[in-house]
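Listed below are the structures to be examined.
After this come two complexes, each holding subunit A, first together with subunit B and then together with subunit C.
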Partner chain A sequence: MRPRRAIPLLAAFILLACADAAWADRIGDLSQTDWREQAKRFITLRDPAVRYALAGSVLLGMSCGLLGGFIVVRKMALFGDMLSHAVLPGVALGFLWNMSKDPVAIFVGATLAGLLGAAAVTLLRRTTRLKEDTALGIVLALFFAVGICMVTRIQSLPQGNKSGIDKFLFGQAAALGADDVRLMAIVTALAVVLVCAFYKELLLTSFDSAFAASLRLPVAALHYGLMLLLAFAVVVALQAVGVVLVSAMLITPAAAAYLLTDRLHRLLLYAMLFGVLAGVAGAFVSFLGNNLPTGPFMVLAASTVFALAFLFSPRHGVVMRWWRRRAQAQRIQRENTLKAIYHVLEVRGFAHAHSVSLHELAARRQCAPDAARDEVMVLARHGLARLQPSSGTIDLTQTGWQRACEIVRNHRLWEWYLAHQVSIAPDHVHADAENIEHLLGEEMVCQIEHSLSGAGATSDPHGRPIPSRADMQRPFGTRAAADVVDTKGRMP
Partner chain B sequence: MITPHSAPLPQTQSQPPPLEIHDLTVAYHQRPVLWGVDLVVPAGQLVGIVGPNGAGKSTLIKAAMGLLPAASGWVKVFGGSVSENLRRIGYVPQRESVDWDFPVSVHDVVLMGRYGHVGLMRRPTAHDHDVARRCIEEVGLVAFANRQISDLSGGQQQRVFLARALAQESDLYFMDEPFAGVDAATESAIIALLQALKARGKTILVVHHDLPTAREYFDMLLLLNMRVVAFGPTEQVFKYDLLQQTYGGRLTILSEMAEAVRQQSQ
Partner chain C sequence: MNTLLPAFDFQQVFIEPWTANAASSVWIVAMGFFVATACGLVGNYLILRRMVLVGDAISHSVLAGIAVAFLLSRSRSSGAMFVGALVAGVITTLLIEAIHKRTRVKQDSAIGITFTTLFAFGVVLISLYGGKVDLDQECVLYGEISNVPVMAAPLPAALSRVAAQVPVLKDAGIFWRGADLVAPPDVLRMAGVTLLVALLIGVFYKELLASSFDPGLAFSLGINATVMHHALMAALSVVVVSAFEAVGAILVIAMLILPGATSQLLSQRLPVILGLTVLHAALSAVLGLHLGTWLNCSIAGAMVVAGGGLFGLAWMFNTRDGIICRWARRSQQRSEAVPPA
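Moving on, here comes the complex of A and B:
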């Protein structure tokens, strides 16, 4: 998937958002209704105001996810947090401009406040010995405090108390109007187009800015451009998510995507998708609950996605890792049973191959016959062995026999390698080989085989023969006695 | 200052040298880290830059590429300015300078070496992808081409950086500690690669930390300690008194002065 494919998708959402802007009203003013009724209204999209809330949530999910992806890989999550809090005084100033919730005035004010905050952080870092995180903490708190003071003051004004400025604290998707959605659409389109156009450059400067500078890529311009887009994304998301939690919509979907993929373009797409999911889910729940604050529900939805990624990501997920470890432990257990059967057969010179009894296996594995039976039943389930119920003897299938030969072979090859190529004493090599035999890949086996045949060796440091590739191909139990050795394990 | 410069190798008059540095002084936060560096590197040489920690080795190659502002002096590459000859300059930054958990594949990183040829806002062509694949093959990482870079060992990561530099198809290479933290097998693979580049007429400057191997790896050595102590063919420069000057205590007055200048400017 390439980022360019996001454009038609985006265009569709913008059309949806602008479809019938003309006769829309805000759903914030709606009266109390039954939740089933509300759900129906939301899902059928009959109400234009619902369409605004939905389109706004989709758009903010896209822009926050996209830019959040960059701040996560650039390790600037804290910067996003600072930016999202620092815009509040700007929101208040934008409102004071003409004492109304004019989207453009608020957008301009908030963006300026965000940039001022970023400049303040840079100033603190350049002129003092404070580190970035401390500078961010100071600026975040200061700007937020100023913003809260201003918002509280506005609410106490006669025109202020019904203004809806309090919605900027915790977010209210239902308060979005046609103008808001249009602005969000413009900002999102701008972000998507610019990121697609400069994807290659953003990738390189995010990964290796020194190398990018050596190619004379405009590293600083790209950085500030990205920060400006980030500020835009935060500002347009404010009304639906709220100042307090908007940074979570930047970080959480992108963090979930980070756990799921190891390519940046996919990370950005997933982050946008999760952002959209969280946005829509948050708007829906908020609408059901008769316009509860939207921000917390969006963040809860995003966190749910993150929790799922944390647990079930194929590569990094906790549950998946546990599952892989468990599967590996079971495989090792099976291989050890096969190896024990091989040993039993080897000791008796591979005579009467079909008559290995559970007792012999149990003795070899140093466990109870019942436990040995369980082990054999596991082998049987994997098509590696059969248990004759009447006689209680074990029969390996061709696959089982091959695998048994392979494990013993890996073990002895590794022992030989350690003893002869690394010069480790023969009595020190067994324990290591017990572990390595299950992990040795085909490539390593070929390498060791090569030096083995170079040295003309056929047996391990203890004098036992290393099963050859030809042995693996032979049917089970027909191994020629001539290949083998006396039972003490010496070569003839 | 008495600088026992060895005589530079004879130059063919028609070709300007790959790298010419004149009186280059570089300062970090007002503190000078390189003083008056003069250097003319002849073509087709494998040059080791050695010196103690803080001698300004990385600073020198960064300043030579114009990544750091020079307080004074100038740098010429193939007789012109650095920005005129960007495509002829390849760079291998220090391995620790990037985040190896970054979500990119080996192929993606090597392809970055082509970005200087691709141009702003354009996408790499099929030819660029071919070059990247060839370079990955050259450093022996074909099996890892589509793996995320975090799956690689330190030595393999270093080879990814080298493959990216190869993909730049440059004539003059700056490499910042390509041997740092790699195993012996990778080290010999890297040196073989550098020899092959040299055989193709490339000029390579390598910041190097290990004195004993410097002697066998490089044609020429630049002994650096905030200034050029000596520069010339390895057998002429790898001398006890010159190394003593580079690593010994005699130049401490320079770093003390540097500190004094910094204090004064605050």
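Moving on, here comes the complex of A and C:
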């Protein structure tokens, strides 16, 4: 839909929604909810809780996408998973500080726990024979178990029961308050500023840490700085996404972005965009129902984005690659048909050019006449040939003729090159040339032609003439027989 | 803060579980032991094959299979659960391979994307329809091991008659309800799975050993590595799903890794490692019960924390490369390096 048409429609929708009756103040007050009503509440943004949830989703999408980009290119995805589980005891500790959901205390506790987990992994790697994956798994599971013990302990306390600390496990964006959003905004801004300030250093250490070290960049310090920022991102996303699934918000949007671009700054931008998209979509969907957890919906939205990129990314998408491969296979098929027509003509010395019949083509292609007819129809659809319905003979168009000459020329040039420059026996060069003829670029052709004319040769190792540029420009069927006939070089 | 740690009452923490509450404690410890043993035995091979994170992924993503099986069969029948979990496990491995072989996304990211997606899918299904089946989010996270004894059901009468002849069993009141021998079916099932895992490891010991340590040698001996891999994955799915009810989908990872990692710090011989795994499982189940009773928190979580404590001890004090020994050796070397005055 064009924006010009969409704006009045949206405005009408908002007006309609505003004209509606009274609103329930808190989301928890509603026991029965209608999804249409809820959608209206979400889009009109009249509810402060909705505004906070939306702002929170945007902020967490930004910070997770930004840091997730580095995680994915540094192959540290499972480190992010560890970090996201390891913050749970810190959350519980922050909660215990004064038995309330104080955002600052929880932020500090969770960051400390995350850094402690990262340090524990490093220590385990240094002092034992355990491999990296085992070390990550131990820290993840142990910290999470400690966190679970603390959370269940808090819930068994009289004042902890209604604390909402269980909301940290799967996330509840609707539970975000003004203080939470303010803290999230500050941390996200800090992360963005730091990444911008140290962009060049982070880029270099991510892709070539040895080179970075040779430039005397503090590689280890940058690594730990990134860990800190990562812990920040995890903590920002915690309340809306939940401990268990934060790692998905780090990995999935960034992996989708990784399929779309090769440049790190674009990857980070796309990842942030996808993160925001997934966050808002997840918040919206979970808002439609009553008290649904936010995290899983955000993760499913992010996974949908990834699935789309996986299938349809222009360069790396599976469907796109399949499509490209199919198109190439069809092109090769067409070119082989053209080449066969050229060969038929060449065998009869280019006499009676307009009278190549389907039977001759079928014999040359070693297929049934019906199959040959199909091939010619495909050529006709691409404007390369015409089939005369009355006589059943094939006529190449000018483009078709040029392409046929090109393919034969590529083939024979390559044979000549292999035989004379690479010194491969002439009876071994055909198979290779059969493949390369469809792929040879203009530049390569010029180079071989240059050395060909330098050597004064005009025919391939089997003695057949190589079509020249002048031949290609000639109209189909008017070719001078004297140019080409070399009776020695009949087709093998 | 002081309310977090309740007063330590030796009577309540260490005596009562085995006197007043013995009927439940025995089954909780038995369940914990069987879960930790089955997971630990399979986990050993995961660690050796550096596939810990695949275990992590499968233990998360069986949730989707379990949720779908619940919704389709409308019951907690274990057959449907097993099928659902196996299918989810297979889908996980296939998706991971598809993503990392067909695109340039690396394997670690592929694992992360796959299991979080399936896990999120499972959680969404449970939160949308969970009220209709007996399954909730807390159960997903840390299980309901303390509910295990409640579900004790009578065993076949013939078994009761046989057991009544055995003097030790006859006097143990916890196994009896009237004239019936009772046991929680979950514990029996887990015991069966544990025995099965132990049996399979015993039968295919040589094949597993060769393919875990030296795939080249295994190949030359005619061992099919792909079959071994998929068999291990299938065993992993079965173990994870049968442990699911007791310890939830996430603490299972701890059960998979901790026993194996601890014993691999202590020994380099596979038979010794497997034995230590069982010992670790038993110790962490008993200690976990006491810890959980003291702190009044999730007992499954407490078992993992106890297992983690044992890991910490092994890390500190093992005689080959424990932190203490290292430090002692280093200071000894340093003193030896000083030339005598």
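The rule is simple: the second predicted complex is superposed on the first by the 455 of 492 C-alpha atoms of A that agree within 3 Å, B and C clash if a C-alpha of one lies under 4 Å from a C-alpha of the other, contacts with A are read in each partner's own complex, and residues count from 1 in each chain.
Note that contacts are C-beta pairs under 8 Å (C-beta built on N, C-alpha and C of every residue); 3 or more make two chains touch, one makes a residue touch a chain.
For clarity, every value in this text was computed on a predicted model and none was experimentally measured.
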Clash-or-fit label for the pair subunit B, subunit C on subunit A: fit
First, second, both or neither for A:198, with subunit B first and subunit C second: first
Which superposed partner A:96 touches (first subunit B, second subunit C, both, neither): second
Which of subunit B and subunit C A:259 touches, first, second, both or neither: second
Partner chain in contact with A:170 - subunit B first, subunit C second, else both or neither: second
Greater subunit A contact set [subunit C / subunit B]: C
Which of subunit B and subunit C A:148 touches, first, second, both or neither: second
Partner chain(s) touched by A:211 [first = subunit B, second = subunit C, both, neither]: first
Which of subunit B and subunit C A:78 touches, first, second, both or neither: second
Smallest separation in angstrom, by C-alpha atoms, between subunit B and subunit C in the superposition: 5
On subunit A, positions contacted by subunit B and by subunit C: 75, 258
Residues of subunit B defined as touching subunit A within the complex: 62, 65, 67, 83, 86, 89, 91, 93, 97-99, 102-105, 108-109, 112, 115-116, 118, 120-124, 148, 150, 164
Subunit A contact footprint on subunit C (complex, rising order): 1, 3-4, 47, 50-53, 55-56, 99, 102-106, 108-109, 111-113, 116-117, 119-121, 123-124, 127-128, 137-138, 141-142, 250-251, 253-254, 256-258, 261, 264-265, 292, 295-298, 300-302, 304-305, 308, 311, 315, 321, 323, 326
Subunit A to subunit C touching residues, read off their complex: 72, 75-78, 80-81, 85, 96, 124, 127-131, 133-134, 136-138, 140-142, 144-146, 148-150, 152-154, 156-157, 166, 169-170, 244-245, 247-248, 251-252, 254-255, 258-259, 289, 292-293, 295-297, 299-300, 303, 306, 310, 316, 318
Residues of subunit A that touch subunit B when the two form their complex: 73, 75, 197-198, 200-201, 203-204, 206-208, 210-211, 213-217, 258, 261-264, 266-267
